[in-house]
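Report on the following structure.
By letter and in written order, the chains are A, B, C and D; residue numbering begins at 1 in each of them.
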Amino acid sequence: MLKQIEGSLGIAEAVALCRPGAICAYPISPQTHIVENLGKMVKTGQLQDCEFLNVESEFSAMSVSIGASAGGVRAYTATASQGLLFMTEGIYNAAGLGLPIVMTVASRAIGAPINIWNDHSDSLSQRDSGWLQLFCESNQDALDTHIMAFKIAEEVGLPVMVCMDGFVLTHAFERLDLPSQEQVDQFLPAYEPREFLDPKEPISMGAMVGPEAFTELRILQQRKMLKAIPIIERVTKEYREITGHHSGGLLDCYNCENADVKLIIMGSTVGTAKDAVDELKAQGINAGVISLKAFRPFPYDEIRAAIGDTKNVVIVERSFSYGARGILHPEVSRAMRGKDTNIYTAVCGLGGRAILGTTIKGIVKHCLDGKFCDELTWFDVDSKVINSYLKDAEGITLPEGPLPESVLLDTLQKVRA
Amino acid sequence: MLDAIKFYQTGSNTVGNRLLNPSMRAVQASSDRPNTLISGHRACQGCGEALGARYAIDAAMRATGGQLMIANATGCLEVFSTPYPESAWRLPWIHSLFGNAAAVGAGLAVAARVRAKKAGNANVPRVIAQGGDGGTTDIGFGPLSGMFERNDDVLYICYDNQAYMNTGVQRSSATPPAARTATTQLVGAEPGNDWGKGKNVPLIAMAHGIPYVATASVADLKDLEYKVEKAMSFHGARYIQILVPCPLGWGCASGSTVTVARLAMESGFYPIFEAEYGKITSVRKIRQKQPVLNFLKLQRRYAHLTGKKADPKVLARIQAMCDDNIKSFDLLGDEIPETVPVAVQALERSHQI
Amino acid sequence: MLQIRLHGRGGQGVVTAAEMLSLSAFLEGHFAQAFPSFGSERTGAPVVAYARIDDKEIRTHEPILEPNAVVVQDKTLLGAVDVFSGISPDGYAIINSAESAEVVVPELVKKLPAGHVLTVPATDFAMQKIGRPLPGAPMLAALAAATNVFALESVQKSFQTRYPGKVGDANAETAALAYEYIKNLMNGGNNA
Amino acid sequence: MMNKSFAATLDPATSLANKTGSWRTLRPVNVFKLPPCNKQCPAGENIQQWLYYAAEGDYEHAWRILTEENPFPACMGRVCYHTCEGKCNRGFLDESVGINSVERFLGDYAIEHKLSFRKPVRETGKKILIVGSGPAGLSAAYHLRRYGHSVHIVEMAGKPGGMMRYGIPVYRLPRAILDDEIARLTDMGITIECNHPVQDIVAEKKNGKYDAVILGLGAALSTNVNIPSGDTTHILHALDVLSEISSDSDVQIGRKVAVYGGGNTAVDVARSLRRLGAEPIIVYRRNRDRMPANEEEMDGAIEEGIQVKWLSTIAEADDKKLKIEKMKLNDQGWPEPTGEFEELAADSVVLAIGQNVDLSVCEKVEGLQTEKDAVVVDHENMMTTVPGIFAAGDMVKGDRTVTAAIGMGKHAARGVNAYLKGSVYKRPEKHEDARFEDMHPWYYTDAPKTVRPQLELARRSSTFDEVQHGLTEENAIFEARRCLSCGNCMECDNCYGVCPDNAVVKLGPGKGYEFNYDYCKGCGVCAQECPCGHIKMVPEKI
């Protein structure tokens, strides 16, 4: 059913269609509207056989979800940023216990300095938590991905984080096509937990495992992650067949045939980039967009196939790794091992700075003009702002325009000497 | 005639008593008790927590007809009961994290209700969350308070051994003053744990207005079992804090576990009481009053208070704390305190000023 | 694609207006998108919201820097914020004011085509019908009247959907007043 | 079936695979200690055990356990000086357990319910002659009969019972009780021949073809002292007086009677005379602290208004008065004359300064060694220096009480039994003492001793009705339940309950517990919390 609604409400409706048994809420922007809507649905009775808990922290939100999931019902919660970090211990725990919890991360920057706006530093900080991490490029994609996430989580036996850009998607009011309850029920059968606490068959979950079996346990956990790749593909296929929605998947290519440069992007920037690429095409510039949906597990083979023989690839990232470089870069490099593809990282859109069509076009042109001299380049940098500080503090001035990391390194000459 | 004699040699002071009607004997006296925490666990010799856990959970099993699940905080109890590949538990049990047992318990309770409702089953399994004092009064305190405030249908049991024993005996907010721990050593001008610190979680729990709060001790099994069963008769958030001596951490003989716990009760060091909806409803009276010295001298964590070099002023201060407890909980009288007693920590702090 | 930027102050329903704008377009079968300038809004602070209307799927999520229309719900912003920044040369500007556009924004009137810069006493209408200074509905109605991209009925229906009952109806009445006011103005009538 | 996670999810109770018993350096074992009451009992009664059953209300079982050692609970419950109570560990808590009164309750219960002793399962065909039917002889006869021997008792008096009949006042032991308990023995097949004085032991033995003889002649001769007196008819002997009173309650020996002596006999005489309307005054050469008489009996005497002249000896006896010399105690506590004299009005004097054994018949037996006022025996088995001839009771060195005589009789019977099998009886080694320090008194419920209702003083001092009334059933149970069960299991389940490792196995009612050494870590909580001190931690052999 078509509706013109806020993204958050769309997610809430989608989650409700999945018949969860427990929903936990702790308010942190920008995910609040999702749980607000779910709370209302439980209260009005729209969502039956489900309890909604207002908890005192994200740590408890995750913990209650762990308990509910271990108790044998579908558990859902949502978080972002500081909240995600506050529940980190529980996040790792849920994965280790193999509990198929689904959680929305309305991606947002991490403080200090406190910043409520979108980037990907929160979600990506959980890279090694053992959760599946699925990114969404639009609200329709996010809505559909949530429904698929329950099925994937339950089949794989691991929790799934659905990552959607905070505010940009969560607060956007858009046309959304909600599948019917019948369609969802057909797609997602009633929950049958793999294991749960039941007085009829008592088990002890969460044992202490020492060196004698820890490695093996981790190998099996990794195997589950790897198994998730074909499962995501299959589940996506099933879902698309039932709904006709072209959502989910491991990745999605746009305008990639014969592209001279391919951008790898996660999240809502993909839509902006598609428009930009279309505009470039009108100018005779051939750029493609690879929308990366599955960050964990990482689809190495699919990325390699998607890039193909294209010589230039730019990863557009809304985060990076301090003291290192882009977070996706090593993964893409691994995927392309043995090929002479030029892989660059463009970092932009941190802490809510808008990524505009012009940003994307600039990156494409920068690449095709051969201006990428380093692995990582910062785009949309306001050199006035940075220089106003650096000039006084260290007598250094940075140039205007895209900032390659080598420029930053050059400013350290004095320190080296 | 036999029933007319309300005198039974040891009464209910012992675990069982052949002279008592079987229904009046402790769950622990029954030869078919649940033994929810079974042999083969790796607790230290004389572990009070292992004892307290079996006492409490067995009683809860009886009260719920076996419809029971446990969420366990990280700590000794978890480590010694479930090291791969062996579990000592005989009921559904989960360990998640150190600080989240109350919240995991809340989640379990939700799941149990929802599943039962969906299945049209009126018999909803009940939930106990449990942990040590560190997991309860410190790191798990936020989730605990949240569980209380939401009145989640969870009984939280804190096995209080007054320090972080699992990590090697470090101080917690339940460590009493002057006690030695690895982080409050017997050195300096004021050896042992600082005075004027620590929190009284049972009274804090009462301030949440939850249906049931109680303290108990492994040295009074009947009282402990009664309280667990009573707690299970309520729905909503409940809290029981059980004093479980740790021979390792307290530095007492492994065989003295129950005796030390008894002296803590009988000296007024650890008041045993229960409260409903924030109001005290009963107080376990001291049977044979003991000077606190008798309690302290069995434990090396108080070695500095009992030897030749002992500072009588510090001993007097601990005795004063016990006397405060005796007074404010009326541990020797016939009354039940009308108002909520002031935490002994507060009395101690105010004495200082 | 029609890109609209709405300016106002926290509490005036700017974000709701953008959403209702998108809903109005949706009701007429368009693709539409609305989103606020994200922040921790507080009552009285300048607020911006955006809306896009198109006949194909709207993929971009960038903020609108070059609007086809600007809706200013609070005249006092004119001196404080560059509300007309990036406005396209054939764009529209609707300003909440009882005074004429020539008085309020003489420069802009000169810059944009005739009849593209309009004022409407939206707050007055709102006070009249709703009893509270919520100029969203009349402003949208004014935009509808000026651009003909969507109908008055859609504006009314969107508010009535969001606020079923008296509040929605009052908004609808206010919208009608504003719509008529602009139509009248554009027809050369003089309602002032 | 659930699809369980690898390693992180475990099956229930799998820890049983981990045998923690290997951690142990100390092992708990159940020890059976000797309770102080049992240890003290001259008759060797297993008091703790019969109290155990009495506490449950199983009186017959209790009585049967009791009579394993002593066939006279009803008499004992009246005349035993119950020194066991003085040793009772409960005395450290509040007051000692009223063992004696429970014993009396059981004895009376058995009479009321006509409980009888079981006849021996088989007859050995051995014949034993017992000379004297006092407590020692009857006790020996009882035990020998239980072994299946045939027992014949000869008694010189007209009725059996010895001192129990002729020495103990009726107010302390109604004769019907004695008759009932003796009848229970003859019901077992023991024969008693009264009015049969023995002149030649060897001849009796030979003529009757007895395999062994036990002498239980008692100490029936009153000790004499030479008191200068004008009219000797007024000087009487205690045993004669008691004997006369027991058969004729209308004895006239005067109003003011001086009873000379400080032992139990003196008190018995004084209290008996008081009941006849006399005003007895006890004259004793030492003070109350040094007095050998039973304290409770003496308290009773004083309550009844009997006067005592302490630190006094009778120097001369006159028709209506005595000359008393005052004494003082030296450093050793012995009385020394002071040379100070006073007069005391008295119609007569009863000498109660001791009894002697008539050894004349013994001295006729060749090789039978005697000593001062006693026959020499091996106290291990009570055999005299003549093989086959044993002795017990007052004629043997030791306490001259009914209870001690019963104990000696038992040991003589065991000695005879072994002798008849051609071996020598050795007393089994005693269990270690159950000390109060080994117990856990906290567990016991507080309760004072039930005080036996006493007859009103006036009534008591003027009649020969029993002074000490028995316990009601209610009180008997109460009193039995006050027993701490020192050193012996009372099935309180403490060990079973307090084991943190569930390593104590409960075997069911009456069966006690056993340790599961597969899991017992040897922490010792069970031993520490056993109220009775029944568990001991012993080092493992490592």
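Keep in mind that, in the parts below, a residue touches a chain if its C-beta (ideal position, glycine included) is under 8 Å from a C-beta of that chain, and two chains touch if they have at least 3 such contacts.
In this text, all values refer to a predicted model and were calculated from it rather than measured experimentally.
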Exercise. Between chain B and chain C, which partner chains are common?
Worked result: A
Problem set entry | Pair joined by more contacting C-beta pairs (A-D or A-B) | A-B
Exercise. How big is the gap, in whole Å, between where the Cα atoms of chain A centre and where those of chain D centre?
Worked result: 92
Seminar exercise, completed: Here the gap between chain A and chain B, centre to centre from mean Cα coordinates and rounded to Å, is 45
Exercise. Chain B to chain D: how many Å between their CA centres?
Worked result: 50
Problem set entry | Approximate Å spacing (C-alpha centroids) for the pair chain A, chain C | 35
Problem set entry | Overlap residues in chain B, where contacts from two or more other chains coincide | 81-82, 84-85, 87, 89-91
Exercise. Of all residues in chain D, which are in touch with two or more distinct other chains?
Worked result: 7-8, 10-12
Problem set entry | Sites on chain A at which at least two other chains make contact | 97, 196, 198, 202-207, 209, 213
Exercise. What are all the chain pairs that meet the touch criterion?
Worked result: A-B, A-C, A-D, B-D
For this session: Going by the contact rule at the top, pick out the chain D residues touching chain B in the complex.
Result: 7-8, 10-20, 23, 55-57, 442-445, 447, 473-474, 477-478, 481-483, 485, 490-494, 496-503, 506, 508-509, 516, 518-519, 521-525, 527-529, 531, 537
Exercise. Contact residues on chain D for chain A in the complex?
Worked result: 1-12
Exercise. Inside the complex, what are the residues of chain A that reach chain D?
Worked result: 96-98, 157, 193-196, 198, 201-207, 209, 213-214, 216-217, 220
Problem set entry | Partner chain D, residues of chain B touching it in the complex | 1-2, 4-5, 7-11, 13-19, 25-26, 28-29, 31, 35, 37-43, 45-48, 50-51, 54, 81-82, 84-91, 221, 247, 253-259, 262, 287-288
For this session: Please name which positions on chain C make contact with chain A in the complex.
Result: 18-19, 22-23, 26-27, 31-36, 38-40, 58-63, 65
